[in-house]
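Got a structure for you, written out below as structure tokens; questions coming shortly.
Should a chain be cited, it is by its letter among A, B, C, D, E and F, assigned in written order, with residues numbered from 1 in that chain.
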Amino acid sequence: MESKLLNLYHDTGIYQLELGQFVMICVGLLLVYLAIKKGFEPLLLLPIGIGAVMVNIPGAGFMAAPVYDAVGHLTSPGGLQYYIYHGGIETGLFPLLIFMGVGAMTDFGPMLANPKTLLLGAAAQFGIFATVIGAVLLGASGIMDFTLADAAAIGIIGGADGPTAIFVASRLAPDLLGAIAVAAYSYMALVPLIQPPIMRALTSEKERAIKMVQLRVVTKKEKIIFPIVVILLAAMFLPSAAPLLGMFCFGNLMKECGVVDRLSDTAQNALINIVTIFLGLGVGSKLSSADFLNLETLGILGLGLVAFSIGTASGVVMAKIMNKYSVEDINPLIGAAGVSAVPMAARVANKVGLEANKQNFLLMHAMGPNVAGVIGSAVAAGVMLSYVGG
Amino acid sequence: MESKLLNLYHDTGIYQLELGQFVMICVGLLLVYLAIKKGFEPLLLLPIGIGAVMVNIPGAGFMAAPVYDAVGHLTSPGGLQYYIYHGGIETGLFPLLIFMGVGAMTDFGPMLANPKTLLLGAAAQFGIFATVIGAVLLGASGIMDFTLADAAAIGIIGGADGPTAIFVASRLAPDLLGAIAVAAYSYMALVPLIQPPIMRALTSEKERAIKMVQLRVVTKKEKIIFPIVVILLAAMFLPSAAPLLGMFCFGNLMKECGVVDRLSDTAQNALINIVTIFLGLGVGSKLSSADFLNLETLGILGLGLVAFSIGTASGVVMAKIMNKYSVEDINPLIGAAGVSAVPMAARVANKVGLEANKQNFLLMHAMGPNVAGVIGSAVAAGVMLSYVGG
Amino acid sequence: MESKLLNLYHDTGIYQLELGQFVMICVGLLLVYLAIKKGFEPLLLLPIGIGAVMVNIPGAGFMAAPVYDAVGHLTSPGGLQYYIYHGGIETGLFPLLIFMGVGAMTDFGPMLANPKTLLLGAAAQFGIFATVIGAVLLGASGIMDFTLADAAAIGIIGGADGPTAIFVASRLAPDLLGAIAVAAYSYMALVPLIQPPIMRALTSEKERAIKMVQLRVVTKKEKIIFPIVVILLAAMFLPSAAPLLGMFCFGNLMKECGVVDRLSDTAQNALINIVTIFLGLGVGSKLSSADFLNLETLGILGLGLVAFSIGTASGVVMAKIMNKYSVEDINPLIGAAGVSAVPMAARVANKVGLEANKQNFLLMHAMGPNVAGVIGSAVAAGVMLSYVGG
Amino acid sequence: MNGLLEDGLGLMVLGMGFVFLFLIILIFATGYMSSLLNHFFPEPLPAAVQNNASAVAVDKAIDPELAVVITAAVHEHRNSKNV
Amino acid sequence: MNGLLEDGLGLMVLGMGFVFLFLIILIFATGYMSSLLNHFFPEPLPAAVQNNASAVAVDKAIDPELAVVITAAVHEHRNSKNV
Amino acid sequence: MNGLLEDGLGLMVLGMGFVFLFLIILIFATGYMSSLLNHFFPEPLPAAVQNNASAVAVDKAIDPELAVVITAAVHEHRNSKNV
């Protein structure tokens, strides 16, 4: 019995805990704190944080692989996060289902009323590719151990779109998935802090006060046809983006068509909530000390911030250019919304606009580039998967 | 870099698209159109249509199988529809869960008030077996390449019950699953067009005007015991029908027993909606050009129409016979509801009855044969699985 | 064709049914009866009962394993319960998800207001370990064929916590899972019958009439931090209990933090309902005649009753001891609630208290030991998994 | 023609036979069940008990207090109409 | 430096090129779609048709009868206010 | 008897020991947590904050506008009662 007692002691966390695990549990708790107290994307960061705590409990076996005997019977079941990660994240299923649900919550109306704003959604993706260059430079110079696939996965943080980042990282750089997802969601939550200084630096008070003409009314038919157009264009020009864009548009079509309301309702409630819980726990499982506690993570966090900043800047600059050459006035602030981070970035544009002019309501105008940014990121993701994978 | 650009071009749909894929994308869009614009069973045909579009995008990999290396690590994840199809349709899980949800939405009250109407649900299944003969003749004569298993799976279209058709087809003729499911749901949607002419041709104005005595009230206890009786009879007489009937009755028991309302509520809402989305995408994955664009599909569509028509006719004829020999009047129109297609066929019977007599409300009377038809189809499915598989 | 008819006859339940299967179908129906008519934990016992009926239908193949050919293609799909059992119960996923949902429905407030009641939740676990000794004695004496793992799994019935019992049994004694789950849920339902006589026998009228001081108000912050404290203590002292406690606390944190209401709502509604349906069917799949119809089952049922009774008694005795040495009055009845069986046992304590004193409302006071009992059982489960497995 | 057609005919005969057999047995079983239940457990007013799906859905979505409120509102409405 | 940087630059150029290409095509496709739809299927009052998520949610949660009841209650309320 | 019984006794002793150890630690940890929190972050009126599941469910099911309508209806109802 003494040996049993000793076994029990050897099983305790006190005996087994390594420093790295301790640090990662603290990181997990920090994410939980940020989620609850600071309101940083709590729907994701809370499950990710708890998932990080769980996976770093020594001996709890949350990531244990199942063991089968020679004839295929299970002799030792796997851990919860093992099944979640390998079942839903490694396969890409969870990000795609989230994308479907987000599609079912998205209103393309403002974008359809002013399709030119798609250009802003394109310009803001420059943050992604500039960051790829940054990561590649760090890799090529030997400072950090980044491959081209790693660099591409890091760049996608600049897409400001969580599911896209997770989808790309799970395919191109699974080891970096934890850090990339944490960076993506953290910076999305920080949009109200990161973007305004950049927006103010690149625009004059007068530009920020520009009022835009009210958007035309978009018909139901346009809203129904649009997601189909996007699927078909993806099929024609970029099949590697078709999973993301296809599910996004499928969700949107369910919402807009009006004949499958019960499916749309489930896609944007029960189903997306269930998947979000699992996605969070699964992403958290990649916050192991081995994967997270190294120089690369610092690089990822830094590069992610750069990506967001450049994306914001390039969106604003593009809006300024468009304002110059377009007949109708375009407030450059709405360019910042092109990075995605729906609907936070659009709200930020609205807020900064109101500061310059109390009657200047940019929210709906910014929603156009905002959703365009989602499409833009998905296209960028498709290019990366095709370029790096092919 | 030029080679990369070339790669990217070679990855595009424009470069890769084959004619068959193009045609199947159009078929998928046609299904979406029918679902949204014509209201053809949109809950299924919309996901099936989008699923068909997705699976035919060249290079998007929606049906790609995952690739593992020698030690079992995933080197290339599979596509969304691969996981859905192999996880939920090939295994039969999704049709069974749908059946559970449908059971939880079904009211056996009208049938219990007048159990004789079960005979109408039996007679209408003649459409199934007559169609089997038709398919067998096409196969035997060498016109089309149908085996007995194919013929059985095609016949089940006449059961006018989507999940049953998918369940049987996934077991007996997976290659024909796409065409069979599309035919089943399309004709179910076309019931208001297909049935009335047949019903009018086989009945006189006087017969259609027959009023039926009001149904007796069915007690809660009867409704609770009935699904258990059905399960036990299936266990005794036709175990191969037990999966379908068992899940159907389980769902119904959850609804009627009154003590597990939260489970019943979930079974008929969140769960069935989630499964419906997946089922649709999974069925759509079988709409590949190789499986769909051939003579057999034409045969399936034609035979399905025949199956519906014969089923309707035999239901009506049986009702006429029963009307002759029964003490109480039976309006022959309710025989047509025996094909299933709940609740559309019952509504059609009601409508045609109202045309003959403005005070003739047949809806509740037709609900009896209507749900009996679901049981009848499941029994027919069980016989087929036992006969063809055994 | 005669041979086909004969085949069909050989496929019927009438031809194939063995006595054991018949008996087990009756057992399944008995569980359904208890669930519906007697209100015995219907959310679990109804699906378990139907699952037991289904798995014992000869030839229906609900537990059939899938068959693959040499290259890995499915030649014969598995049965519904096969996939449910091996996918969700053997792996431990379903009990853990249930635990998450239960956590999201649990209010730790009363326990936090009076943390001493945790001792009652500890004492009541004595039922678990006393029963282990009972089972070990039956095993050691050769009367029944129980190993130490079996004895541990049987003991956990005394934890009065369904998901914990299923989780432990699936890991330590899968063959006994059916009987253990049925015993656990049946006795949980019988708490209002089993506990009061024991409570009355061990307490005087005067003790039962003791009023307790009103609980202090617990702040939101305490409720948010508490689940995190529990996770961390589990990580430090008993990682083998971390899956159960971790998911329980994760659910509770989602509820209390107030920033992820939509996840909390789904965890305690759609998700837990879906998993409950599957869990029930999966547990029912272990009610096969081979596993259930033997002397061991009788032993399990008897030992389970003993476990409940001893747990109740030791909770009451501990409360009497605490009442003696504590400054504030403690009504010994609330000790009985320490066995878990939330919230039934707390209600029983309240009811018995009201009998002795019409103004004596113990419900909230009993909720403290009640939820403490859940933690206590999970800790006991962790010790068992570590002791027996290690 | 050949064995395929024969098999098909066999399936038709057995299939329709079995469908009718099963549903006829079910008619008798149902009738028997109903008469037994109504003999041993007669229910006085089952019409009110009959629960239908929409009622359940409302019960779920609307909490009891709210129901009281709404009932009151409707009652008020009717009263005022009568005046 | 080396091939990695070259690859990265290639990815940037191709990536931004493709993103702009795709979204510019989408601008034209969208514009073309809208003008076609509004030409062939002009909608007189689309503003009222516009469905938003919360409206759908309410439709789900509230059953038609209840809606009638509430509408009646509101109507009643307004009438009594005017008096 | 044999090793099985010994193992069982060992499990009992260790098990009960660990259960008590864990829950006693939890008592202290909880008490410490509560006193720390209430010392550093005193909450003036926490009773009102306490959220319960049914309230959340209602919030989910009922949209704000509807709530206004119903509140109005109830208000109306009460006023008319007072008259």
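The rule is simple: contacts are C-beta pairs under 8 Å (C-beta built on N, C-alpha and C of every residue); 3 or more make two chains touch, one makes a residue touch a chain.
Since the structure is predicted, the reported quantities are computational estimates derived from the model, not experimental observations.
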Third chains touching both subunit C and subunit A: B, F
Which of A-E and C-D has more C-beta contact pairs: A-E
From subunit D, the most remote chain by mean C-alpha position: A
Most distant chain from subunit C, judged by the mean position of its C-alpha atoms: E
Listed pair (A-E, B-E or C-D) duplicating the C-F contact set, over half by residue number: A-E
Centroid spacing, where centroids are CA-atom means, of subunit B and subunit D in whole angstrom: 20
Averaged-CA centre spacing for the pair subunit E and subunit D, given as whole angstrom: 40
Geometric centre distance via CA averages, subunit D-subunit A, whole Å: 47
Where subunit E touches two or more other chains at once, by residue number: 9-10, 14, 18, 57, 60-62, 70, 73, 76, 80
Per-residue multi-chain contacts in subunit C, two or more chains: 4, 8, 237-238, 258, 265, 269-270, 383, 387
Of subunit E, residues touching subunit A in the complex: 1-2, 4-5, 7-12, 14-16, 18-27, 29-31, 33-34, 37-38, 41, 43, 46-47, 49-53, 56-57, 59-60
Subunit E-touching residues of subunit B, taken from the complex the two chains share: 1, 4-5, 8
Contacting residues of subunit C [partner subunit B, same complex]: 4, 7-8, 11-14, 16-17, 25, 29, 32, 35-36, 39, 42-43, 46-47, 50, 53-54, 57-62, 66, 74, 77-80, 83, 269-270, 273-274, 276-277
Subunit C contact footprint on subunit B (complex, rising order): 86, 90-93, 96, 100, 170-171, 224, 228, 231-232, 234-240, 242-243, 246-247, 250, 253-254, 257-260, 262-263, 265-267, 269-271, 383, 386-387, 390
Partner subunit F, residues of subunit C touching it in the complex: 105, 107, 109, 112, 115-116, 118-119, 121-122, 125-126, 128-130, 132-133, 135-137, 139-141, 147-148, 151-152, 217-222, 225-226, 229-230, 233, 237-238, 255, 258, 261, 264-265, 268, 372, 375-376, 379-380, 383-384, 387-388
